[in-house]
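Order of writing sets the labels: A, B, C and D. Residues in every chain begin at 1.
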Amino acid sequence: MELAALLAIPLLGCAVLALLGHRRGAPEINGAFSLATLAAAAALTVRVIENGPLRLWQDQFFIDPLNVFLVALTAFVGFTTSLFSRPYMRVEREHGRLTAGSMRLYHSMFQMFMFTMLLALTTNNMGILWVAMEGATLATVLLVSLYRTAASLEAAWKYFILCGVGIAQALFGTILLYLAAEPVLGREGGALLWTQLDAIKGSLEPTVLSLAFVFLLVGYGTKVGLVPLHNWLPDAHAEGPTPISAVLSGLLLNVAIYAVVRCKVLVDGSLHTHFAGNLMMGFGLLSVGVAAFFLSRQRDIKRMFAYSSIEHMGIITFAFGMGGPMASFAGLLHMTVHSLTKSAIFFTVGHAVQKTGTQIMDDIRGLLGANPTIGWGLMLGSLAILGMPPFGVFASEFLILTTAMHEHPWATPILLVSLGVAFAAIFGKVQPMVFGETTARRLPHPPAILPVFVHLAAVLMLGLWIPPYLAEWYRQAAKFIG
Amino acid sequence: MNPAALTLQLLELVMALLLAPLLMGWVNQCRAWTQNRKAPPITQPFRLLAKLFEKDVVLAYNASSLFRFVPYMLFACMALVCVIVPVLSTDLPFSPAADVIALVGIFALARLFIALAGMDVGTAFGGLGSRREMLIGFLAEPALLMVFFTASLISRSTALPTIVESLAHREFVIYPSLAFAGVAFILVSLAENARIPVDNPTTHLELTMIHEAMILEYSGRHLALIEWAAALKLYAYFSLGFGLFFPWGIPQGTGVGNVAMALPALLLKLAAGGFLLALIETLSAKMRVFRAPEFLGMAFLLAVIGMLVHMLLEVPA
Amino acid sequence: MSALSALPLSGQIINLLAAVLLLISFAMLVQRRILSLIDLFAAQGAVLCLSTVLVAVTTGQRHLYFSAAITLVLKVVLLPWILHRLIRRLNVKWDVEGLINIPTTMLVGIVVVVVAFNLALPISQLAGTLTRPTLGIALATVLLAFLMMITRSKAVPQVIGFLSMENGLFFAATSATYGMPMVVEMGIALDVLIGMIIFGVFFFQIRTQFDSLDISHLEQLKEK
Amino acid sequence: MSLLSFTPNPLAWAVSIALAWGAVGLAGLAAPRNVGYVGRVLFPIGAVLAVGLAVVALSALGGAPQSVVLPIGLPQLPFHLRIDALSAFFLLLIGAVGAGISIYAAGYFRPGEGTPAGLQCLLYHVFLASMALVVMADDGYSFMVAWETMALSSFFLVTSDHRHAEVRRAGYLYLLVAHVGAIAILLAFGILQNGTGDYAFANMRAQHHGGAWAAAAFFLALFGFGAKAGLLPLHIWLPEAHPAAPSPVSAMMSGVMLKTAVYGFLRVAFDLLHATVWWWGVVVLAFGLSTALYGVIFSAVQSDMKRLLAYSSIENIGILFVGIGLAIVFHGFDMKVLAALAMTAALYHCLSHASFKSLLFLCTGAVLHATHERSLGKLGGLIHRMPWVAWLALIGVIASAGLPPLNGFVSEWLLLQSFLFTPQLPHGYIHMFMPLAAAGVVLTAALAGYVMVKFFGVIFLGQPREEKLDEARDAGTLERIGLVWLASLCVTLGLFPVQVIGMIDSATTLLVGRGLGKALDTRAWWLLAPISADRASYSPALFLIVIAIALALGFLGVRAFYHHRTRQGPPWGCGFPLLNPRMQDTAEGFGQPIREIFQPFFRMRRELPSPFDAQPRYRVTVEDHLWYWLYLPIAKAAEFGTRLVTPLQQGRIGIYLLYSFCTLLLLLMFVR
């Protein structure tokens, strides 16, 4: 019931906003739908807390500890993003950067995107997961080119082609998975249902699974933004409207990682080696390292934070690759805090960019003077994402690094250097933007500061105290991720 | 703390106050003789002090309270040193207050104050003198410490009475290391006491003066105290040197007989030492300020060699 | 030889069709003219449809008819028609200029095929299907399409490459497992259709923006 | 001690005080721009709390360790807090010194300067509280949280005047180095937990590590804590950040925060790793000694008073690490008493440096407020206008120069005493080289005297170098209270070493397994004789008494026998009549001999005037070689790294596809 609501509400929202999206009240409608989705997600979460994991509709959908918190997180960030997009998109519209049509497209596709995300998370069917992932690309690709500028068009094109091609590889991987499972489960046995696959993973053919995993990793890894498959990510983040950057970074990447992790569980069960983990660690380290070095070259603020997302995805991938209860726990925690922090950063960035009228960091100065809340938001957000305690990002990095130090000491110098370089780059750019004399101007709509600080407060809380049931989910999920 | 020891302590102080200017006079006499000049009387420094005490103090308009405080401080520091260094007996009640390291500290304290005083009025010479004085100071201190290190390695102590006792009252052994340390000590003493070849106590030539540059603005009783303190310092270095390298004649007890024996020995040693100082000053030429690091570096080197020699030859394997 | 003769006739025909598929893929890789490219794509779809029907007939897998129908509608009729219309509307009938010259492309293509065959060998032995030897060809088709996307500098051929890759995937699904479950097939088809529509939108947007469909205009976003 | 035992649970009290600091800070946000409220109400409350902390810490010093587990933190890793002798010692330091700085800060803030006072109040108290938590933390995670909170709050304090580019640069450098250091510490904890997943210090203590692992942990800790403390190659942030901060914050950072780094190092090296390998100590000692020399030499050539002090802090940290290194060497050879001696020296120096350096920084703050000048070239003669500050600064100067009878000398004396035992070390080379290190320490101390003469002489003595200095006003009442508090700390620590060492003995015992307590000659309360009175002794009290008597006698004697007539006149100056303030020795001039002698240490640029210049100018800039030899190459390497990755993102979609393609093929090959 809750699940039906969870999926139906955004779908309905998509339809409604396709009609009304250009009206004055559209942002509020958007917010209302997002709130309803959040309520449904909350209800679902409560139910899972009370009754434990669920399987619904002939096992086509399932809720387990791994995806329940992601569902809640997705609905939550979706809701706060809709709050943020309210003043943001109004300003964009009033500045004439967007037409009525594009407002309609934006609102409708925002809901569509939420639907695909939630579908990808809750479905038990690896095929549907693929369809939903592709759907998420399709829903956002036109949003990236919303401004119809040359750059946004280019970004959207690259996003579409690269993710399309990437995800095609994932389809091939899915086919191979099916190929491996079919002899065991039969055509009607639900050979693509993850729960079924998980149950029989020990008897899946290892060779096929390892090949399948390569395809799946390359496919979903493209969406995660793993180096060297990441090239679409900075462009798409930088050129789309900021709310979209926020949800791309905060949600889409998470869901892609989620898909990879689901696959990894199966492969590990079949291979009994550390093959999948090693691959993921390699990709993770490469992403962290390369992204860190990219950071210092950036001039565009959104682009920089996009690279930061790549870096963090690398850290998460590395953590899951390492495996073990501690590292997987940390990986899950990192997913949560990264998505909260990064979306908060994009919220402040959005306002800062609107205030100063530029995305070029050299031209943004003295936000603290122009608007202390935005300035502090950006400063604290950046410090949080850079792994400064007491924010939650630090908690997960602490666990990941200390575990790595013991289990894979060779990796730690890379991480040490990368984190140092990343810190130098991001902080060196954020500091003058926040401090110093101001260049900003007044805006007709007050900025949506609440989402920023709600996110940061949540991240702060996760650094100091993790609610017991959340910790329990993490632990259980970490247990079967292995 | 028995009264005899306390008396002896007082006696030692009074003797230092009296002997120090005399030693100055003696050195000046010897120098005059070696240079074929007619020598002033040995009591000349006393006359100088008396004259200065009689005179009015002329203070610069902008001299601060620190400026007036420093001469007394200087004098007190040197008095303290003289209380600590054993010359008549090793059983001194105030001696535990400071060992050789602390002694270096007292000298440094005095140096800090006089250097500050030199900067107080704000003349061109004062600052110059202060900086040179501090320069000599930081170069001399490590060398001095190395000397003390060698001495205290032999006696396993840094307390002066113990050092003296162990050298003077145990069976006689030749310590080659002490020879090196002794030479180093002489070099350091020359530098610390503003003597040729590092400084010239008799000149007021801008380019070369160090100690005199700092005290240019002093006059009257202040200057007298400073001069007296300088004499005390020289005396203290002499007695330190005797304590470390020629401790024979310094008794352990506090009896009258002991002291009676110690006094002539001290006078003899002072006379010889003073003559030696005059000889060195006559035979060498004042060097450039920036040669001082080499000079003191040499002292440091000698002290270190002394210490190594001690470790090599004198430590029973 | 004996293994080959043990195969039923339908299997042999499917093998033939697979070979044709590969041939078409190569042809697409080296084809310079855009209209011919679209035709080749349609032909590829037709072959695919044919082979699917054949498999369906041979094995009695009902849902494969449905898949074949979708293929026919989507990839033989609808998409080529849309593409033709687009080409006409956008008036872009120029010859395709590759980034790498054609002999080189072909050489690379052959290497890719060898790799694909070798990779597929162990897997196809596991597959319990009639069509399992063709898995290698499916993989080769996917990779050749990939190669084609890499080498083309214009938007339309790139999209055709993308669609061709989809074909290869479809073929792989058919050959390895007699197709995916119905829901998934439907979903994939939907995605392809929507994707195509979005491509169409893009063509117009790009064209409005740059006055051409040459994606070498789309190389401004980079690190300097 | 019975007087102090009214606190049944020091840990609870200490935690409450930390929380109360947080509350005081938050209260500052109620009226952020009301300087009267923030300054006259909140900061004094903070100061009282600090005194309370010191009292609590005193009572905890002798007591048994206490620990508590808080319900916050990570699920398997709640915050563990613990007070043992070592934490208590550092809490004492934080409380005692923090009290002086807080009360000074109460009078320091003026309206309209930089960040609103309320916000500063929040940051300042969070800073204090986090330092207290750092020394109480008993597991890796809470330690790191407190550690980085400390870094972060101090960063914001440093950049409170962020409108100046150089302040921003300083803050940036500071936080960067701090962060890299923090990651290293974190990795050290990663080793220490030894795969158990339990980060509580109790668990780490119980683990046994292989030689290489232990060494790795040790040197990671040395790197991490050294970065915070300002050990040699990582000191680069310190002379930038400390001067940039408002003076109370500089005082707090130099005086207290650097000590938390020392604490962390001691905790990891001795308590968790048990410091059993003697050559670790040699390395630490070498780093410490070079830091000390480097710091003091650079300090001597500075012409900005706060930079001068910052470099002097580097020097003192170096001396501290020399002591720690020596303790490790002795400990490694199982010479427990000597290790205790060296460790006592180090701990004593912690207290000493904390008190005199914060005193000096606060004095510069007063000067800065009165004159708005930091450059030594524009100060002078302030002893006339600011006698309070000047005389109190003199106490700090004497202490900082390591002169008797104040506290700086005690620690130095102890350190040299322990060096005297190094010839007994059972290892060739080491027992011969170690005494040379002692010479290095003495050289450092003597140079520190040089630096301090320059500092005090140029600022307070001589003639004012600028007109406006005549308007300078002395420090206000609250500021004076703070200064007097710290100065009296210096004096107390200087005069009663026996009592103080008795107090910190439990901390020493915890670290090296043995205190000086038994070895301490207790024949007389006034006599410090750490091994035996025959061996060496020092009595500052006696020392002071004799000097005081001699002073009084000299003064009274001169008056009694002669007269005290005094005339005023123009300065003599060898008869030169046209004296003006510009003819005084400048700060640069004072540093000149050092520049000459230690030329290879500096990267010096000189602009000499030509004989025909209408307006001759002389300029000399002194820079750090390490910046060019180490940091710029690192920056260049990072730059190179960026250039290396840049081609990855060169815009052409075909190439991007090629990456995916190649990745795919490569991985497929890899699987086969």
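Assume contacts are C-beta pairs under 8 Å (C-beta built on N, C-alpha and C of every residue); 3 or more make two chains touch, one makes a residue touch a chain.
What you see is a predicted model; the values in this text were computed from it and never measured.
Visitor: Out of every possible chain pairing, name the one holding the most C-beta contact pairs.
Guide: Looking across every pairing, the one with the most contacts is B-D.
Visitor: Return the chain label for which the distance between chain Cα mean and whole-protein Cα mean is smallest.
Guide: Most central by this criterion: D.
Visitor: How many angstrom lie between the CA centroids of chain A and chain B, rounded to a whole number?
Guide: Comparing mean C-alpha positions, chain B is 77 Å from chain A.
Visitor: From the C-alpha centre of chain B to that of chain D, how far is it in Å?
Guide: Here chain B and chain D have centroids separated by 35 Å.
Visitor: What whole-number Å value describes the gap between the mean CA coordinates of chain A and chain D?
Guide: Measuring from centre to centre gives 43 Å for this pair.
Visitor: If you average the Cα atoms of chain A and of chain C to get two centres, how far apart are those centres in Å?
Guide: Each chain reduced to its C-alpha mean, chain A and chain C end up 31 Å apart.
Visitor: What positions in chain B touch 2 or more of the other chains?
Guide: Answer for chain B, listing residues that touch two or more other chains: there are none.
Visitor: Can you list the chain C residues in contact with two or more other chains?
Guide: In chain C, the residues touching two or more other chains are 119, 146, 149, 158, 215, 218-221, 223-224.
Visitor: Could you say which residues in chain A touch two or more other chains, in rising order?
Guide: Only 157-158, 161, 165, 211, 234, 294, 297 qualify.
Visitor: Could you list each pair of chains that touch one another?
Guide: Touching chain pairs, listed by label, come out as A-C, A-D, B-D, C-D.
Visitor: Show me the residue ranges of chain A that touch chain D in the complex, using the header's touch definition.
Guide: 157-158, 161-162, 165-166, 169, 210-211, 214-215, 217-218, 222, 227-229, 231-232, 234, 279, 290, 293-294, 296-297, 325-326, 368, 383, 386-390, 394-395, 398-399, 401-407, 409, 412, 416, 419-421, 423-424, 427-428, 431-432, 435-437, 463-466, 468, 471, 474-475
Visitor: Which stretch or stretches of chain C touch chain D in the complex?
Guide: 99, 112, 115, 118-119, 143, 146-147, 149-153, 158, 215-216, 218-224
Visitor: Help me check something: in the complex, which residues belonging to chain C touch chain A?
Guide: Chain C residues touching chain A: 119, 122-123, 126-128, 139, 142, 146, 149, 155, 158, 162, 165-166, 169, 172-173, 176-178, 180-181, 183-184, 187-188, 190-191, 194-195, 198-199, 201-202, 205-206, 208-210, 215, 217-221, 223-224.
Visitor: Per the contact definition, I'd like the list of chain D residues that touch chain C in the complex.
Guide: Going through chain D, the ones touching chain C are 646, 648-655, 657-658, 660-661, 664-665, 668-669, 672.
Visitor: Would you mind writing out the residues of chain B in touch with chain D in their complex?
Guide: 53-54, 56-62, 64-66, 72-73, 75-77, 79-80, 83, 94, 96-99, 101-102, 104-106, 108-109, 111-112, 115-116, 119-128, 130-132, 134-135, 137-143, 145-146, 149, 152-153, 156-159, 162, 204, 206, 216-217, 219-221, 225, 289-290, 293, 300, 304, 307-308, 311, 315
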